[in-house]
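What follows is a pair of complexes built around chain A, which joins chain B in one and chain C in the other.
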Partner chain A sequence: MTDIAVPARRRRVQLLPYLLSLPALLVCIGILVPFVTAAYYSLLRFRLNMPAMKGFIWFGNYQAFLTDSEFWNTVRVSLLYTALTVGVELVLGLGIAMLLQKQTRLNNLVSILLLLPLMTAPALAALMWKLMTNPNFGVLSYLVQLMGVHDFKWASSPNSALFTVVLVDVWVYTPFIMILLLAGLRSLPKQPFEAAALDGVPRRFVFFRITLPMLTPYIITASLFRLLDSIQQFDIIYPMTQGGPGNTLLVFQVRAYLEFYQYTNVGRSTALLMILWAITYALSNLFIKQWLKLRERARGLA
Partner chain B sequence: MSEKAKDFFAAFKAGRMSRRELMSGAGKLGVTAASANIMLNAAGTDAMAADFDWMKFKGNKLHLLLNKHPYADAMIADLDNFKKMTGMDVTYDIFPEDVYFDKVTAALSSKSSQYDAFMTGAYMTWTYGPAGWIEDLNAYIKDPKKTNPNYNWDDVLPGLRASTAWNGVPGGALGSADAKQWCIPWGFELNSITYNRKMYDKAKVEPPKNMPELLDTAAKLTKDLGGPYGIGVRGSRSWASIHPGFLSGYANYGQKDLTVEGGKLKAAMNTAESKAYHKMFVSMIQDSGPKNWSTYTWYQVGTDLGAGASATIFDADILGYFMNGGDNKEKGNLGFHGFAANPNAKAPTPNVWIWSLAMNSAGKQKDAAWYFMQWASSTEHDMFGARKMDFVNPVRSSVWKDEEFRGRIAKSYPGYVEQYDVSAPGSKIYFTAQPLFFDVTTQWAETLQKMVAKQVPVDEGLDQLAASIDKQLKDAGLG
Partner chain C sequence: MEHTSPFERIIRGVLIAAVLLFFLFPILWIFLMSFQTNEQVLRIPPSLFFSPTTINYTSLVTGKLQTAAGSLDLAFMRNLGNSVLLSSVSVALALVLGVPAAYAFARFKFPLSEDIAFTLLSFRFAPPLLVLLPLSLYFQAIGLDDTYIGLIWVYQLIALPLILWIVRGYFEDISPDIEYAYRIAGHSWLQTFTRIAIPLARPGIAAAGLLAFIFCWNNFVFALILASADKQPVTVGALAFVTASGIQYGQIAAAIVLSVTPTLALALFAQRYLVEGLSLGAVKG
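Let's look at the complex of A and B:
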């Protein structure tokens, strides 16, 4: 009996690592199957309402984008939107986090209250802001009129549409960066700051030479998260402007959505998404490499 | 319903009793007005059932995909009669319009059999039909074994029957002899002027007779009313901004979206006449339109009129109809006016939007689904919706001749029927049926936005639009 039981138990032990990694493998397959399918579709001329035209064109969709000024406008708007939102949110998030760094009851309460916009679904926030900026009854339109700015058209003018959607993004997501950086600030070792205080080092020097370098891993992490989300923006821009006025806010996801759901052009839609994936991959690689470098430098110093 | 009451309503349906006798008799039997409507329609349903085996698919369960709309509400209110007549069960999913067509595209493109029939617009069938997602309904309409003898397909307004039939050839004429009937017209809207009578009286202006007059009237209203703006039209970056007032006026000047030469399509938006029309339209929005026009869908256009924020709309007649009722601030103050944009035109040429019913090709019970579709588009149901619910505009000519329906509308919506009578003869789809419909119209809306924002002059913008569309048509093998 014992002779038989031992190999069975050993077999179970040998299988255990595979069983434990099975969920990860299934998730991986769940991600890879649509990815590979999309990559394949992006090589096809494929409109659902013109089935006779379906055919393999290799990189034809990608080549067409290279000479399409609308595509380059999409790249430019997407990158500009990402840079503006992540930049403004970082500066504001860091500023607010520093104001709330000291652990007091009031600061803790304020940091919780400031998280509330993050609890709002971005699409709902967009609709809320659309109402607030309505020139007939919107409270924000009224306020800017009180300040002497008349006829400010918010999301409906090409001059202010980008500003308006960036404003909504900043309202929703600054708390995200704030809370990450606040956690980082509060976890920094106290000794360097105490030593600087004893030596009478000016505050600006402390900020640029001690706080900021020590906080950089947190800043990189927060920026990476926001960057990946921001370049894939859809849920604020589409409800507010549908990519307009004109082509002012025709970012990747809005364009890919229209290509599929409105025009049923699967080939072009997936090609756009593959390019978006490549940009996202390159940017995240850049950030992760920086983050690893910083970690190595920190280990070297230790 | 008691047997006595049932017989009573059946006698009316059979023509053995007048409406006055029916109503007084129903009162004596203790039947309330609301119950009387349902009983009357049930009697109509029984009359329908007399000549056709409606019970053939008894026990089947149909599942529908519906848009949240008064047409769907009217159908749901009458649905028990269908269930009783056929022994079928009917369930439905209902979605708001913002997400409705995404849901339809997702359901149909995945070849899901979840839905047997669904609501659609005619333009959408130019995608769904060639993609093989919906059935050609000629096979059902023309088969006496499948369609009840009282269905009377010819009673459906001819312009609507033609507008929902296409042979699938890019640029092919709608309603041609070889056309496939992709969907059944259910309810429709044509585009005309709805105006606020109180505001017009205050500003001492008359409803405009043509486009140049509309520009002047809208400008005067904006200037004199001191708050409300003169004219509401749609402006969002979508195909939906092109098809209502804009295209109706455009067609009235004899202009086309595309031309067809030797089977090849070519953009036609950059003719001299088209440029002149665009200049008028753009100038009208700049001078007298809503400040945030580029975000305006039908919803904002309608609610502004209903709330007294605008004095006029050039949009769907039924949008004006709904804004003249309900809880709207301007309820009862709105007037309706058929509108020929071109001073030289003899009559209006409204482009139409047709809510229709289509059949899912991947459905597993198509014959049973057709039973539902023919009932929902029957004279009886159309009449019920038109008389008792807000099923405007009905699609059957017999319903439009019905005095009870016309009387009800004339009483609560003065001028609406007259507006319809003037507009209807020229109403149809004025777009060229082709697979790139949404590409073309979305880009057209984008260009219009650029012109209104003065990002590009009208002439240059239309030349660029035509060149871009020609390239897209060529790339797709259509140009």
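Let's look at the complex of A and C:
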């Protein structure tokens, strides 16, 4: 090998990874541009129907939110929706995972069947539930009436709209938490449980002192995953109610959508989305840390 | 630790039955509904027993609905075709772009590699509308608005991070020694990549591709904002369907059944990989 060939060869090796990842990166950078644009728009007075009014107002859109009760309603509804869905899905998912923990043929079949709601498009799931809760012929409306509850209007009444969309969310996403926790449960070491069984430790004690602590990393990962999705909810609420009735279900993304298309207020819409982005950014940093830890663990076990 | 009393076994059975009922009943019910005429759908009380009809499916497939008020055009097959086109081309493109990148991140430690990988991952978690709303204005300006190319480009936001992170995990699990040996035998880097690395990671690539396909298929908001009626996939098309006048409930149900069947079938087929894929490799299934 000559003296010249060595650096040339080394340079090629260093370039290769960039060449390989560049196309993927370029495709995504094209999409980063709108993100920067959104940040800029959020500082403008910008309405599509009044182009002449367009102007830079610094944080005017954000300041207006502080005293806007509609904005605080959006914050409240989004947080409530997120807390309810993630809370219910976690409890239910953990319960089902423990029910199916033992590797029997029936349990495996059930856990596979439970994937079906998760693989249904949330927008289509919303339509399915809309058909089932239709006041004229919906089977759920009928069943509720049989149980003696009249006048239960599901998604079309402000009193039960949140309940209805949370129910659909739970139907779609509980299996997600369930399969993650089931994989976690089945990967736990057997010895502590065998030792506890030999010593006759009560079940409840085993659950709170052994199962739950050992499962915690999985629970945190699954919950953060769901928190990130749930705070950005759009696919179920929009097809089901368009954020209504009234403002009962105007979560961040639904409100930003309406703000953009119905009121053509680009400035307000993007400011709202920037706030949502800040929340998800903080959450996703937390999530990625936790996720990397778990990945290392999975590597170690594999 | 097998001291399950008969009482406990009964409780477990009842609970499992309840779980199955809650999670499978909606799918079953919509499936049954898709074989009913409007009169049968509207019957009170609803019944599990009826004489099935395939009229809903035939009117969807032929695109013509005969009603008392005349003939109505249904564009649902076009939506279905759009879904197939958008999802499969998006995933194919994401595989071409993503697999080499995944290999680079798995095999080479280069400056900024982790930053780039995380930037790509962060797309998975950003609010989609934040990107989509300004993008729709840009697309209108440069003529990509309401085109398949524009949509497929944006669909990379769904497919690429998924493929990149799952396939990277698979490459990392394969020992590089085999590749070194092949290189020493005098083969070029490209030959090593295509003949050794890719075949070894094939299960991971297949799993990531299937999962990315399902996610593209199920996506709603991208096409809602960027596509007009003739480019819309089933998720958006079915929504327009509900509000269309003269539509019968059985047809909506049939449209939903046709829309979810591909993903449900793929999910059952690929269930072995789903746990790993859904958690981006954090949890081994």
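Operating definition for what follows: the second predicted complex is superposed on the first by the 261 of 302 C-alpha atoms of A that agree within 3 Å, B and C clash if a C-alpha of one lies under 4 Å from a C-alpha of the other, contacts with A are read in each partner's own complex, and residues count from 1 in each chain.
Assume a residue touches a chain if its C-beta (ideal position, glycine included) is under 8 Å from a C-beta of that chain, and two chains touch if they have at least 3 such contacts.
Worth saying up front: this structure is predicted, and the values here are computed from it rather than measured.
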Query = Regarding the shared-chain residue A:F193, is it in contact with chain B (first), chain C (second), both, or neither?
reply = second
Message = Looking at A:N73, would you say it contacts chain B, chain C, both, or neither? Reply first, second, both or neither.
response = neither
Request  = Report for A:M132: first if it touches chain B alone, second if chain C alone, otherwise both or neither.
outcome  = second
Request  = Check the contacts made with chain A and report whether chain B or chain C touches more of its residues.
outcome  = C
Request  = Please work out whether A:S160 is in contact with chain B alone, chain C alone, both, or neither, and reply first, second, both or neither.
outcome  = neither
Ask   = If you stack the two complexes on chain A, which partner ends up touching A:Q242: first (chain B), second (chain C), both, or neither?
value = first
Request  = Applying the touch criterion given at the start, work out whether A:Q262 contacts chain B, chain C, both or neither, answering first, second, both or neither.
outcome  = first
Key: First (chain B), second (chain C), both or neither touched by A:R47   = first
Request  = In the overlay, answer first, second, both or neither for which of chain B and chain C A:Q101 touches.
outcome  = neither
Ask   = Just which bits of chain A does chain B share with chain C as contact spots?
value = 130, 134, 136
Key: For the chain B and chain A complex, residues of the former touching the latter   = 101-102, 105, 109, 126-128, 130-132, 236-239, 290-295, 304, 309, 435-436, 438-439, 442, 445-447, 449-450, 452-453, 455, 475-477
Query = Which of the residues in chain C end up touching chain A in this complex?
reply = 1, 12, 15-16, 19-20, 22-24, 26-27, 29-30, 33, 41-46, 96-98, 100-101, 103-105, 107-108, 110, 113, 116, 118-123, 125-135, 137-138, 153-154, 156-157, 160, 164, 169, 172-173, 189, 214, 217-221, 224, 234-236, 238-239, 242, 249, 252-253, 256, 259-260, 263-264, 266-268, 271, 274-275, 278-285
Request  = Report the residues of chain A in contact with chain B in the complex, numbered from low to high.
outcome  = 47-51, 53, 64, 130, 133-136, 151, 153-158, 240-247, 258, 261-265
Key: chain C-touching residues of chain A, taken from the complex the two chains share   = 14, 16-18, 20-21, 23-25, 27-28, 30-31, 33-35, 37-38, 41, 96, 99-100, 106, 110, 112-125, 127-132, 134, 136-137, 139, 142, 171, 174-176, 179-180, 182-184, 187, 193-194, 197, 218, 221-222, 225, 228, 232, 234-235, 238-239, 252-253, 256-257, 260, 266, 269-270, 273-274, 276-277, 280-281, 283-284, 287-288, 291, 294-295, 298-299, 301-302
